[in-house]
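You will see two complexes here that share chain A, one where it goes with chain B and one where it goes with chain C.
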Partner chain A sequence: MTTLTTISNLIHEVIGEDWDLEEEITLDTTFSEDLELESIEFVSLAEKMQAAFGEDVDFVSWLSEKELDEVIDLKVGDVVEFIDACRK
Partner chain B sequence: MARFLFVVPPMTGHTNPTLAVAAELAARGHEPAWCGYEALLERLLPEGARRFGLEGSLPDGFLEEIGERALKVRGLPGLKFLWEEVLLPLARDMTPGVERAVAEFSPDVIISDQQAFAGAFAARRAGLPWATSATTSADRRISLANIPKVLDWAEERLTELQVELELEPVKEPENSPHRVIVFSTPALCGEMSHHDERYVFVGPSLAPRPEPVPFPYEELLDVPRVFASLGTLNAERGQRFFAALAEGLGDDSDAPGLQVVCVAPGEFGPFPKNFIARPRVPQLDLLPEMDAVICHGGHNTTTEALSNALPLVVCPIKDDQPVVAQQVADSGCGLRLSFTRPRPHHLAEAVDRVLHEPSFKERAQEISESFTAAGGPARAADHLEALAGVTT
Partner chain C sequence: MPQVTANQQELHYQLLGEGGEGDTPCVFAHGLLVDNLSSWYFGAAPVVATKRRALCYDLRGHGLSAHAPEGYDVATCAADLVALLDALELEVVDLAGQSYGALIALRVALEHPERVRRLILCEAPLPPSRLEEMAGVLRADPAELLAMLPDSLREAFTSGKRRAVKAAQRLERLLTQTTLVSDLQAEGDHSDEVLASVQQPTLLLYGEASSCRGVGDRLEQAIPDARLVTLDGGHYLAAERAAEVGRHIQEFLDG
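Take a look at the complex of A and B:
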């Protein structure tokens, strides 16, 4: 499974099954504008990512370094890039 | 006899819970008064209530425009908007008027809404004991736990504001060092590590509000009944949601198995035969007739439903609602669905589950009992009297 697929699945778990599956999550999908992810959903996504990718991918620390505007502009592609870099 | 000044933001949901607390204080011989924007106070306060109505210097239509724009932004852009465009400008605008009201009324205690920072500032400046009124139990320390820089961002804005208003900056200035009165109970909102002895959980404060709204009670069918209210929605979001609700729960047969009462303007229809849709309803009178509630997780509607031991399906939209929705899901009294893309079959399945799986109703009943035990407005009044130094 590609990193993008794994992340997409986790996002589906967080925002609920009722996200229209036909609207595919891509590298350009933004968490705020496109997915309208709420802050508490970031909290739960971070926990799921940590569980899925293990200790080598410290997503929580990575996210915790982000300023408000950086989190607002965050794209799914940024997270994929971060995870792939951790696993090299 | 002591004087109590309630400082409220121009938000109905933040003002209503103060009414019963003030009524309780008045019944004990004290003198309550409110300070807030005149238009809201005039609409919500009981006749004869003493009020210090602010006109403020915000441009005409500020609140309407804010309301309109607030309906469009969610998530973290919504958080940024709430702080930069609503809470901080309100605090700046309200502070001089609140300070004048304090000088004129000479309260013994100030009760400052958690989102009306001006009340907290005025109390500190006057050196008065004060309490925070937390009309929602959602807290930024919960929703921003994994994004601490965003939490810091909010704290920095509050520090700047205090410096601008020539106050010694303190952390979390909206939370009183004396009392934070939360209109919920740990049975619903959970135990939090930051809940120290300042935090008192009194449960919801539901005053019988004047609700001269007619409702056709005789038309209610003798089948399971679901109440659906999503608060104020803009046309686009409202139409999408109610279309999904109509598709998921609609039944045009002569003997439908479900009755749906929804708070929605006619333009969100057409609605199926088993729906009664009204733009306004007497919500508190109507809830005892219902079996379950679909809502957006507004704190007042959620706690009003739970006071009636009704299980919930919560579709949170923004602000504190995702946190409240999570509380509902975690406490087991209901289910949380995504509001963004409502799917008819998910709504139908969720409603079916909360109506027919007994655990949801049982948990709602337990939470309802915790609300009763928490003491409500009377317990809140006890705490406020204690701050005023009244021995009871």
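Take a look at the complex of A and C:
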């Protein structure tokens, strides 16, 4: 399974019943603008990603180095790139 | 999602960092209503977690903790926190709180001095009912409350889309279906004598533009071992100046 597919599945789990089936997650999908993810849902997603990708991927530390507006503008592709770089 | 029953409440928490043997974990309490553990979790907590365990938790009725119709007074919230520490077998901790969370941390430090090593009070409002940012809360007026938020936080409630609708529903529920507003109104001040009995080294973090900036000066005078640091920002400092707040807390805990 590609990193993008795994992350898409985890986003589905977090958003749950609110999920709009019309919308396909791509590398260009933004968490804030497109997915309307709440910050507390982002916490759940971070937890699920940590469990899925293991301890080599320190998602929260990576995010903590970013300013708030950078986090708001994050795309799914940014996270995929980060995770793939951690696992090389 | 890690949850634990503490003081008969289901509380959601997140533990960051490994810590070393004998490290003192730092526990983070967030503010009321528009806040949850994410402001610490994506802010200062991971900075602090590079050297010690960092525990963030959602207050009762907030974030992913269970809905609670009552018990938003500082005393009950402090009892929740102590019960959380007991449940997670954390004997001695450093405590950090933002806004109402700072009042909770202060209360635990006063009541259980043996369990709190150091104290970080970020934007503690004393008394909370005097805080201008809370004026909308006391009138149970969500619009007025939201108008006081910095742009970056307000957008999350007012875009009219999914996230904003959910956040506004949660806010509405806390304001109209719980005792939060009356609990907050009834919350008193601490006398200087009580503040003088704070035993822990205390870091006070305040925003220059915050309406409770003056409380920082008062606490620095009244708490024996207190140091005040002011940052460029308003009341929602832990979210607005997350990285800086994290650095100051880390230095304070290392010192």
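Just so we're on the same page, the second predicted complex is superposed on the first by the 85 of 88 C-alpha atoms of A that agree within 3 Å, B and C clash if a C-alpha of one lies under 4 Å from a C-alpha of the other, contacts with A are read in each partner's own complex, and residues count from 1 in each chain.
By our rule, contacts are C-beta pairs under 8 Å (C-beta built on N, C-alpha and C of every residue); 3 or more make two chains touch, one makes a residue touch a chain.
Being a predicted model, the structure only gives us computed values, none of them experimental.
Superposition model on chain A: chain B and chain C are shown in a clashing arrangement.
By the touch criterion defined above, A:I40 reaches both chain B and chain C. Among chain B and chain C, the chain that touches a larger number of residues in chain A is B.
Once chain A of one complex is fitted onto chain A of the other, the partner contacts of A:C86 are absent, as it touches neither chain B nor chain C. Residue contacts after overlaying the shared chain place A:L63 against chain B and chain C alike.
Legend: residue contacts after superposition of the two complexes on their common chain; A:I72 is shown touching both chain B and chain C. In the superposed pair of complexes, A:A52 makes contact with neither chain B nor chain C. In this superposition on chain A, the options for chain B are 188-196, 206-214, 260-268 or 278-286, and chain C clashes with just 188-196. The intersection of chain A residues touching chain B with those touching chain C, taken from the two complexes, comprises 18, 32, 36-40, 42-43, 46-47, 60, 63-65, 67-68, 71-72. On chain A, the positions that touch chain B within their shared complex are 15-20, 31-33, 35-43, 46-47, 60, 63-68, 71-72.
If you check the complex, the residues on chain B that touch chain A are 74-77, 79-80, 142-150, 153, 316, 318, 322-323, 326, 336-338, 340-343, 346.
Of all residues in chain C, those touching chain A in their complex are 1, 14, 16, 36-39, 41-43, 45-47, 49-50, 58, 63-64, 152, 156, 159, 161-164, 166-167, 239-240, 242-243, 246. The touching residues of chain A, counted against chain C in their complex, run 18, 32, 36-40, 42-44, 46-47, 60-61, 63-65, 67-69, 71-72.
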